[in-house]
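To keep things simple, chains are lettered A, B, C, D, E and F as they appear, and every chain counts its residues starting from 1.
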Amino acid sequence: MQSLKLTPSPVTPTIDLDKTGVQHGFLRLPYSRDDSAWGSVMIPIAVIRNGTGPTALLTGGNHGDEYEGPIALFDLARSLNVHQVSGTVIIVPAMNYPAFCAGTRTSPIDKGNMNRSYPGRPDGTITQKIADYFTRELLPRADVVLDFHSGGKTLDFVPFAAAHILSDKEQEARGFEAVKAFSAPWSMRMLEIDAVGMYDTTVEEMGKVFVTTELGGGGTARAETVTIAKRGATNLLRHAGILAGKIEHRETRWLDMPSGDCFSFAEDDGLIETMIDLGEPVSAGRVIARIHSIGRTDAAPAEIRAKLTGLLAARHFPGLVKSGDCVAVVGTIQSA
Amino acid sequence: MQSLKLTPSPVTPTIDLDKTGVQHGFLRLPYSRDDSAWGSVMIPIAVIRNGTGPTALLTGGNHGDEYEGPIALFDLARSLNVHQVSGTVIIVPAMNYPAFCAGTRTSPIDKGNMNRSYPGRPDGTITQKIADYFTRELLPRADVVLDFHSGGKTLDFVPFAAAHILSDKEQEARGFEAVKAFSAPWSMRMLEIDAVGMYDTTVEEMGKVFVTTELGGGGTARAETVTIAKRGATNLLRHAGILAGKIEHRETRWLDMPSGDCFSFAEDDGLIETMIDLGEPVSAGRVIARIHSIGRTDAAPAEIRAKLTGLLAARHFPGLVKSGDCVAVVGTIQSA
Amino acid sequence: MQSLKLTPSPVTPTIDLDKTGVQHGFLRLPYSRDDSAWGSVMIPIAVIRNGTGPTALLTGGNHGDEYEGPIALFDLARSLNVHQVSGTVIIVPAMNYPAFCAGTRTSPIDKGNMNRSYPGRPDGTITQKIADYFTRELLPRADVVLDFHSGGKTLDFVPFAAAHILSDKEQEARGFEAVKAFSAPWSMRMLEIDAVGMYDTTVEEMGKVFVTTELGGGGTARAETVTIAKRGATNLLRHAGILAGKIEHRETRWLDMPSGDCFSFAEDDGLIETMIDLGEPVSAGRVIARIHSIGRTDAAPAEIRAKLTGLLAARHFPGLVKSGDCVAVVGTIQSA
Amino acid sequence: MQSLKLTPSPVTPTIDLDKTGVQHGFLRLPYSRDDSAWGSVMIPIAVIRNGTGPTALLTGGNHGDEYEGPIALFDLARSLNVHQVSGTVIIVPAMNYPAFCAGTRTSPIDKGNMNRSYPGRPDGTITQKIADYFTRELLPRADVVLDFHSGGKTLDFVPFAAAHILSDKEQEARGFEAVKAFSAPWSMRMLEIDAVGMYDTTVEEMGKVFVTTELGGGGTARAETVTIAKRGATNLLRHAGILAGKIEHRETRWLDMPSGDCFSFAEDDGLIETMIDLGEPVSAGRVIARIHSIGRTDAAPAEIRAKLTGLLAARHFPGLVKSGDCVAVVGTIQSA
Amino acid sequence: MQSLKLTPSPVTPTIDLDKTGVQHGFLRLPYSRDDSAWGSVMIPIAVIRNGTGPTALLTGGNHGDEYEGPIALFDLARSLNVHQVSGTVIIVPAMNYPAFCAGTRTSPIDKGNMNRSYPGRPDGTITQKIADYFTRELLPRADVVLDFHSGGKTLDFVPFAAAHILSDKEQEARGFEAVKAFSAPWSMRMLEIDAVGMYDTTVEEMGKVFVTTELGGGGTARAETVTIAKRGATNLLRHAGILAGKIEHRETRWLDMPSGDCFSFAEDDGLIETMIDLGEPVSAGRVIARIHSIGRTDAAPAEIRAKLTGLLAARHFPGLVKSGDCVAVVGTIQSA
Amino acid sequence: MQSLKLTPSPVTPTIDLDKTGVQHGFLRLPYSRDDSAWGSVMIPIAVIRNGTGPTALLTGGNHGDEYEGPIALFDLARSLNVHQVSGTVIIVPAMNYPAFCAGTRTSPIDKGNMNRSYPGRPDGTITQKIADYFTRELLPRADVVLDFHSGGKTLDFVPFAAAHILSDKEQEARGFEAVKAFSAPWSMRMLEIDAVGMYDTTVEEMGKVFVTTELGGGGTARAETVTIAKRGATNLLRHAGILAGKIEHRETRWLDMPSGDCFSFAEDDGLIETMIDLGEPVSAGRVIARIHSIGRTDAAPAEIRAKLTGLLAARHFPGLVKSGDCVAVVGTIQSA
């Protein structure tokens, strides 16, 4: 593993990442393929640097079908003025760029789930090569890291920002402070159980302040959720001292997912009828979804009942569901 | 053309459509193909008949990725008791059944857009054969026809029921009465300009009362919109005298789409940012959507401005947009 | 329609179809496409002509996944000596050649089911253009026509030869004589109900003697069924007086499919268990197949019962079955 | 047929085609599909109009993988100054726009070969709808029509401009004059035998002057052939009196394809070795191509011999060839 | 490698595998993908436990297109009564469940050949994760293991049960005793040469009694071969003392595949004519198959000759064959 | 890693590689898949051996869409007479045979880029297994190795032969001598910077004389470039002393690619217009290519300028280009 680290990344940035001023360019990653022998993946990147302040790394498109982050970040990258900035803002609006262009969660090239491909490999798949470049080149430059997520085409969430429960309580506290500054309608303290290959963990193990989000879903973005994303990014840069101005605070409610009982899975294929809408209260034992058989008009639907009392925090989005899909997530309200 | 009408339909129902009682079965349509030489399309159908009252034909899944109708109708078909009914209810929850099973707007077999395949042909494509069976076998039995639509995977609508402006003013009035009985949050008087191949027109030309809907979209169904669909179907059956009981009225607002200026189309590919949400007011000239280039971080977005004052009645749903896509529909408020 | 008949066929044979001797060549049909702007479909054809005797047209590959016919005919075409022949033998071992090369029932180019594409069109799809060439160029030359079929990849049959019940009883009698000469283990008198677009009907309407077969299935050919095909073709040419030598008679049993009750269709998807094998006796009411749900281990299988007493003449071949598939055909024994 | 002509075209131009000045816009053709319920095909168009002179209609991308025309026309459309023009220049750089975007000969939507889809239908496929719009809206405006072709991905040609031999000898003479003005290295007098569905014939039957080209191939464009295309378009506009300035004449040689013997077709699949290069002399009987079997190293290649003496005017481009592909075209030199 | 073993399996059973009684449920394996961000593979499993007797693990669908095993096991799982059992029966009717649902040999997700994916990896592909769960969770519970195979869609076998020749002669003897108890028409002593990644080897290295089968093929199941599978499974459970009752013995013949000379491979593409049927005798040097060229009617077929004297034990199933396919396997008769 | 080397290759040659005389056969590599459970990849190979002279290994089809090498080598393999040879010639005309059959750069089976898959793995992907066989079985037999390349479907080159700059100057000199003997129009001394996984490096590290080429491109072969390939192979065998006769010398010019500034990459999608043709002179700063937007007729093209003075040595071939594609390579002229 150690020797891998010595292999240089195949990525070449078309801009000087450490130069003062505003730069727009690409991370160019060679990708030889049937329809372009000497082709490349070109990942848009912007760097706005002014003086010696802290560095924020802002990313969207970790999953390619989640849109609030990319909209907020393409907008921010284009409109940030170098004189507004004290320090450095690195913006990659679409981290898994091949997935983003295809409008899919994973990469159409290698089916790579970017968020499970960390720390990456310089001689791996395209997705792993991008991860490796972040791990070895971009993350070491950063002090604060914001990674935007939403539910994508197949899930929908109440909009929240989140940070992880960490063993380093001082680092943890800085994360929750940053979440509070982000000011999403909901906030979450997440306990990561299965952290294998996650970007989050890679960032946190480097000691950075890390904020992530879930801001809606369904493979679309609403004006309301885009506003949350834009305000959150600006608030976070202000919180970090990179942008001047006062944080625009909004009321937030703290949410928890205490155990595996939050999650309900389908055991049948069919047409899903979610019985309540996102954010509505749920009591344990209540039918939260039904799955109608589509093969006949006289089959009784399968019923899925809540195992906890709380509110509907996330749900399966498409009208059809397959056995094994997560159909609903019940969150519990944290005492602030 | 006349001779075509004499060709028998290849569809065989597995139930007797005219028998009293509750029957659940299939419309079996032979479909010979590589993976089944003697295969068939099996379209679920339920008929609930009691006495000599009027006949209602209720359909969903005219487009295969619209879910409020199928959920309401699979549920209704299974739960309707023959003793509740005076007359006949024919329910086909998924008219374009191959499309519905695939979760796509059009048929995966022949790319047929069911709603543009009427009156159909007995020797045509699979989609045309289904249309022909409705035209020649099911519609002649009906007095009242309800066809559920939603926006599907690529559009989202404020929820409304609608009937058409017709030259036969008595028929038109009966249609609007039925819409009022449906009691969706929004109601619309539609002037159909391009009626080529439509189910609606086929039904109306037979002199039937016809109600259609748009009840959301995005390829999902929310509890709220499913409730509208269920209440609307029951209300309509009560209005027709087939179900006993009082119509459950809800306040509705009447909406209009007066001209082609309602519609805005993209002239660029990119990442779409809709600037306001469905149902919100719009004034003419306002930027209602922006299209961000995804190829670079420094390109200014294209702006799309409203041509009318009203409210946002529908919008493009997916996060990515292509040149030529309808990005927004502005509706105007009708004076009641 | 009449004017269409005047449009010349786009097919060009690379050999002179009316020349004496043995000729091997192609029917070349231009087919412009993305991967060959000036490409063609090249259908192998052999013509063996000697003197002024009758003409037989022998075809296989009408459906592209049926193999006894093509094996027997490629073999016969290569090995027939001109001196053996009195008259003309035209052999097209693979009529729907694109389907045959792909190993599929229908054409991969246009999904055309050749056996339902007659009489064809010179300006239609590739499949219709081939049909038109047979209708206008090859069939008029023929006195006797043999078209080989088997069950293909999705059906399996007890091996039989067949001719149709016709209104012209003299023509009908000549057909049954030819079937008897073919000497398959089973023989059938078929009553065609749905003859739309069939090759059979096109041939018979020209007054030709027509024999067809079903010689097994599953997308394979066994040595035993290939032997039946080879013997049958030679017997038929002897019967027609084109080949010298005595017909090699074999015992045959006459089979009937008297009504739609012969056919059983699945109403569920699943794993099919056919309870008896081809050729075994069936009594009405007996479970002939069960469909096991593959989604759970505790679901009772759907049972399919015979509606007639007879024997299992054909069955669904693949292990998985879809709702609407024909799962079994019960034939009845004819009194000779 | 007559009644079809009364059906309005579904195409809406986003610009006023008859306004004076320079206009850039789209022909918007609604195209409802699974990934965009209310989507459209947007075909770029430019109109440059000044005064009452003649009208030229210039098109490329009739086949989507032919590039000299689109390069010359995108360039011309952008750079033409209204003051240079006397009359009107209508430019559609990519007629079969869906094919052009996909880089394929035919449309990825409906496999339509645009050049065989005329006169089109307003209620047909997307390709037929585009053809219909040209037939009914654009062509009636034109006096001179230039349609650029090249060999596409699967053929390669010596570069030539061409006009057809016509029964109206005065119209024919105007065509050849226009070809001469175009000044390609080679020029051709074409006798169209199979004119079914061609754009060429549709244009000529309206009495217009029509010039077409073949300017290379292989799915690429060389600087040399692009120069021929640009010069030819400008020369033609000068010849028509729409652009001022002197025609830039170049020497041209007149070429002929006198009969079907010009064309050689493969009767085997394999690896093709063309024995001479484009433009080189050929004598009848010479091996012009060999097809090597790729299945074994010891199989002798099939040899294809020229049937005429002349020069190699066109050839199969890809390294692999299929039975039925046109492998070579021998042209003969016309006496001027 | 050792450390991998400590990574927990991502599979969660929905039932308690060690509880007494009859349980039907799933092995749930998370599988995040474009069409379900939080989806899972749900592998049906049944456990019937009563008392402290031995444990049998019965599996089918190791390859997804082999059907005798799954039919016998879905049937057995549903119908086994807890009171019949002394010990434990674990039934997984479709081990490579994604392949089984797709009707393919390998997994449609990762192209994994389950039978070559052992011992598996908890962090590998979906197929490897399933293998790992069997290796670490299910196999350690088992005393006797039966894994059903057939020829699948592309091979056909005479029906046999088999065990391996092992270095541990006592274990080997127990295997052959179990094969004898199974009582298939044919039995085989197999010498595994290439055991890389095999389930068989993984099971045997744990010291378990292991029986496998080949019970037909072609991607179908006949009533006769299903009967063999059902009787074999019941016999084996009786032999193991888990089910009461007497073993239903049938005559079996012992077959051998002594060397690589048993196998014949195609060196050409084409139409295959197998000259004898399964189970028929073969003498060395005899033509057992011919491959007809499908490109021409005059090409002599390639002949494939037997290298050994014995009987035809297996053959290529589809009508078309490709160079490199195994076309025939000659088995030799063992002296009992 | 060491232990892997002990795993035997799964490849079986059908001929004895070390036998005297001419042998034509296959490298058979088992490849179990859905459409052939016991299928294989069959790679054609010829060995011509006479006496004890040196051994040359000649290969084409390392990338499957490059044709000069395969044409020259299928031709040479078939026509080489054993009496002409002193030593051994091993010819594999299509190393990545699955890619060659598909006409694609990489393998359709595993997307393997053969030239980046060395030294390979006996238990890896199909592409890696082929590489492993070359590394462990064929290369150890060779003294001189010639591997033919061309530009493939997406690049085009001026025709050259090349050898690498090596640390072993004696080996390097032997390479350049061999290049000179090859006598292509251009010759190159290549400095490999990124040698990860290359065949070239694997060969050179074994101390062999290695020559490679780029002989055109576009996925075709011209008579002229095939002649270069044939002459080069013969010349090299003469140079090695394996064939008798005098080397047929041709003038060659030495070319260099001194730095990354040789390469220009697209930063936009669009229609590419290369402003000069292959082999033409370029001066630094000149526009060598323009990329036209295909979305509108009024967008200015992006310009790509040369960074060095030299000549156009290679270019992007297809008419459409994607951001990240290499559009042009400028080579510099070496002082001889």
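The rule we apply is simple: a residue touches a chain if its C-beta (ideal position, glycine included) is under 8 Å from a C-beta of that chain, and two chains touch if they have at least 3 such contacts.
Chain identities (UniProt): A, B, C, D, E, F = N-alpha-acetyl diaminobutyric acid deacetylase DoeB.
Note that the structure is predicted; figures quoted are calculated from it, not measured.
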item: Set of chains whose contacts include both chain D and chain B; value: C, F
item: Centre-of-Cα separation between chain E and chain D, whole angstrom; value: 58
item: Rounded Å distance, chain A centre to chain E centre (Cα mean); value: 43
item: Sites on chain E at which at least two other chains make contact; value: 42, 65, 267, 295-296, 318, 323
item: Chain contact graph, described as a line, ring, star, complete graph or other shape; value: other
item: Touching pairs - complete list by chain label; value: A-B, A-C, A-E, A-F, B-C, B-D, B-F, C-D, C-E, D-E, D-F, E-F
item: Contact set on chain E toward chain D in their complex; value: 267-269, 295-296, 323
item: Sites on chain D touched by chain C in the complex; value: 63, 65, 104-106, 111, 113, 116, 151-155, 194, 196, 263, 265, 267, 318, 322-326
item: Residues on chain C engaged by chain E in the complex (per definition of touch); value: 24, 42, 44-46, 65-67, 70-71, 74-75, 77-78, 91, 93-94, 100-101, 103, 156, 218-224, 226, 271, 273-277, 280, 292-301, 317-320
item: Residues of chain E touching chain A in the complex; value: 10, 14, 26, 28, 31-42, 123
